[in-house]
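Order of writing sets the chain letters: A, B, C and D. Residues in each chain are counted from 1.
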Amino acid sequence: MSKMSVNLAGVTLKNPVMTASGTFGSGAEYSEFVDLNHLGAVVTKGVANVPWPGNPTPRVAETTGGMLNAIGLQNPGIDVFCERDIPFLQKYDTKIIVNVCGKTTEDYCEVVERLANEPVDMLEINVSCPNVKEGGIAFGQNPKALEAITKEVKKYAKQPVIMKLSPNVTDITEMARAAESGGADVVSLINTITGMKIDINRRTFALANKTGGMSGPAVKPVAVRMVYQVANAVKIPIIGMGGIASAEDALEFIMAGATAVSVGTANFINPYTTQEVVDGMEAFLEKQKVEDINQLIGCVK
Amino acid sequence: MSKMSVNLAGVTLKNPVMTASGTFGSGAEYSEFVDLNHLGAVVTKGVANVPWPGNPTPRVAETTGGMLNAIGLQNPGIDVFCERDIPFLQKYDTKIIVNVCGKTTEDYCEVVERLANEPVDMLEINVSCPNVKEGGIAFGQNPKALEAITKEVKKYAKQPVIMKLSPNVTDITEMARAAESGGADVVSLINTITGMKIDINRRTFALANKTGGMSGPAVKPVAVRMVYQVANAVKIPIIGMGGIASAEDALEFIMAGATAVSVGTANFINPYTTQEVVDGMEAFLEKQKVEDINQLIGCVK
Amino acid sequence: MGTKVKETCTVISQECIGKDIYSMWLQTKTIAGNAKPGQFVSVYTQDGGKLLPRPISLCEIDKEKGALRLVYRVTGKHTGTEGFSRLGAGAQLDLLGPLGNGFPLEEAEGKKVFLMGGGIGVPPMLETMKQLHAQKMAVLGYRDELFLDKEFAKNGDVYIATEDGSAGTKGNVMDAIRENALEADVIFACGPKPMLRAIKAYALEKGIPCWISMEERMACGIGACLGCVCQSTEVDSHSHVHNKRVCKDGPVFLSTEVEL
Amino acid sequence: MGTKVKETCTVISQECIGKDIYSMWLQTKTIAGNAKPGQFVSVYTQDGGKLLPRPISLCEIDKEKGALRLVYRVTGKHTGTEGFSRLGAGAQLDLLGPLGNGFPLEEAEGKKVFLMGGGIGVPPMLETMKQLHAQKMAVLGYRDELFLDKEFAKNGDVYIATEDGSAGTKGNVMDAIRENALEADVIFACGPKPMLRAIKAYALEKGIPCWISMEERMACGIGACLGCVCQSTEVDSHSHVHNKRVCKDGPVFLSTEVEL
């Protein structure tokens, strides 16, 4: 058996396969399809200091090879999350990564502080959601703002901090470097790409929010490119995502320089995807006689 | 019959359907499939002051719902172009738009000047090609550089100037405004989105150039979003493109605010696409009893 | 692991039963065995460009054979449903299910029940009617052409409304109720929003409980993505906001629980 | 408008003729009627996620029936070619063609000709051999399992090379020529680059003309996108740089015209 475990800022994952925030709830729904014990980590849906109702519907729309979503970070708030979702995930032998959202720097810090003494392994700071008016992507499209919020969050964080980057920027390496300077332990990318769909018969937007975030296989080439660029720009590890639907896809990200990968939209198409990616990666390593997955990280230069 | 003609900076197109630069050569190859007389305009492959050999192969790769290309602006140079390609296109009752590329501002201006007395209707300045090291996207990702080159080009241009924008930016409206300030008569968008594909079995890049430009239906939501944003930011007309493969797709762009549209990658999948888009748009107008296509431009707010 | 599975099913038969309306029987391994009336399945296209599932209600459930019947409308050219309509016997199709809660038959046992369906909301009422032990009145609304109406007639009384008046009452299902002076103790309904709104108002007025099956755009189909919410009148116990997930908390809701 | 068209064709028959090697006969309206040996067609998948054409050479052309035979390798799981291999008689498939130039048969009429094919480069040599009036020697190279070899034998002499030595000469096509002490005045060849390189060197050494069929990734297939170029030894008259388009100027080139 080849070695599948990887290390993210001191946290050892049994394998590099995680879930992408917002596509896997807090794991309960998908636990009916996959054994969460087999995953490297579960990354939860973004959680804020208070419950958020999210956007009006329609919130999702299909696009060629992908989808748009404008959920708008609906979440039950950090209190319910700590009482209900963390205990649920604790029953499994997998790492728990909490995705944090907010409108202001204070909101983010409040949630991060609240999680300091909870049994969670890492925090992922979502400064790249294109579907909310305040917060979100505003921090993620400006390197100075990104560095500043990273510094603030790090003051309160007891767990390693992952900064989640937006692909809606001219230069992703500038953003990754800003996160690194701010003290981020890990960067994850990509969040969704802002898109729009118009219903020509009704002469209106397909999403109530007008724009939404594009995800799924259609965005994979952009995601792989950005992971490759970031891997050559910063020293901290990278969690790669964007369109991963198979072990082959996941390996593209690893070879481009990601230490771990997340499966998002593909869960909706096939709820067994995460498990299949783990199995497929193991099979690839065996077949190609690679002893340790770490040997493949960034091997394509 | 509903009115299909549109006006782009004083140039009247018989209908809003054009070809996207680089996907239609100079029209000769596709004239075996479609009657060029039926198109609003033919936009040629980018032409430089001297012949360019382009990039090594593989130059194209398939991605989910789209493709990557890194042709690298191979072209026979402006002299051959004026002798061979313009006379060919002149035989048809369609507008001729020449796409211009270069490495330096001087290169662009040289081509633009050379075209001043040629029977071409408009010039499209490609400052957004992601596949060449110099020139290209360097101008297209910096608003100051874009404004400056627009101004320079306008000094030499006898025909209306279309500035072609890159989607690989944080804020497309900033770029469109820069082009407008520089004196651009029209903006066209989007050029391709930079992407990468890795061949995991050979542990190498699918394209010799490592990265390529993503196009095709997969990118349409990004393109529609950007056209919508730009339509709400500038007063000059917009040529919309990115993934158009049907009349329905074209109408999304028109309703988002484009005055004309270009068909690119879809030609490769179905060489009759341009004609089918014209026919389909006419049928839509008839069915929905819209007298004039201009009534639909930007109708979704 | 639960009773919901994604499995590759085989088309047993398919026929066109009206303009753009298709009826398909599918052989499942486990989905039919676990299914209830009012539940639905996510149907996947074989087209790598069309990734999201198409939620389709169960029209009939044959537990013995392990078969399901889906009756669906082809919504246009180049759609996923058009692709489904091309599949003949022996073709394969991926389904995820059974999904959602289904109609609470126990709330209606032995009572006078309206089973109301409008348009493409008609199909799920058929299995519901078949499994319900009660005094059943199907009230079915169509634009013009009828479908499935004769199959309802085998299971109880049927009242028809058509918009163009070509059959039954001219108008909608509410018009059919009035014209026939029908009365019920419980309502189960599925159909377009305006119809559900009218039914909800009628049920409130009459003071009778009414369950309605809702529709929303979906991605996961199992409650994880929060794509398909509808507004709830009270703060929901799962979401802790005024949202309920149509795919998981529904698609069937007590009409007073949700905003329409 | 030219002779190239995109048309929807019907599968007449399909069979597996070797490990991952399929042979498909297609009914065309006009493509077969206009086709020449050494030309190819762009074959389109029915999957909206897989948009680019798959270029496949013509293995046989039946002008009378308007039918084409394609022999192709399924390159892996979830590929376009895997999709093609699933199509049975009566299924429909979109083809664009005929594309490219084909072999210049007139250059070889009445001479001693090697028809060399390696691996999945073997199929196009079959129709070429059938149409050529000359002293024909097919030299076919395989990894292990043979395919189509008996059909070549009906049209002239056949020499086989296999990498594992299971049939004919152990080695490659050049080894087969040496082992059988064969001589020719003209060469037509199709196969992997290393094979073409060896053949080009051999032809240069012997001072005989040699036409080779090249492969490159394609998008348009008709010469418009410049995706599929190969390097030419001289400045090309169309491109005005050292590039020729495999899809339009080729796929068949005089070996001395191109860099390998």
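We take it that a contact is a pair of C-beta atoms (placed from the backbone, for glycine too) under 8 Å apart; a residue touches a chain by one contact, two chains touch by 3 or more.
A quick note: this is a predicted structure, and the numbers were derived from the prediction, not measured.
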item	value
Comparison of B-C and A-C (more C-beta pairs in contact)	A-C
Most remote chain, CA-based centroid, reference being subunit B	C
Subunit C and subunit D, separation of their C-alpha mean positions in angstrom	54
Subunit A-subunit B separation of Cα centroids, rounded to whole Å	34
Centre-to-centre distance between subunit C and subunit A (centres being mean Cα positions), rounded to whole Å	35
Length of the line joining the C-alpha centres of subunit B and subunit C, rounded to whole Å	46
Junction residues of subunit B - those touching two or more other chains	64-66, 216-217
Shared interface positions of subunit C, touching two or more other chains	48-50
Arrangement of touching chains [line / ring / star / complete / other]	complete
Touching residues (chain side subunit A, partner subunit C) in the complex	22-25, 29-33, 35, 45, 51-54, 57-62, 64-67, 69, 71, 74, 76-77, 80, 216-217, 265, 267-272
Interfacial residue positions of subunit A with respect to subunit D in the complex	64-65, 217, 246
Residues on subunit B engaged by subunit A in the complex (per definition of touch)	63-66, 68, 141, 168-171, 193-198, 200, 203-205, 210-212, 214, 216-222, 224-225, 228, 243, 248, 251-252, 255-256, 284, 299-300
In the complex, subunit D residues that touch subunit A	48-49, 78
Sites on subunit D touched by subunit C in the complex	46-50
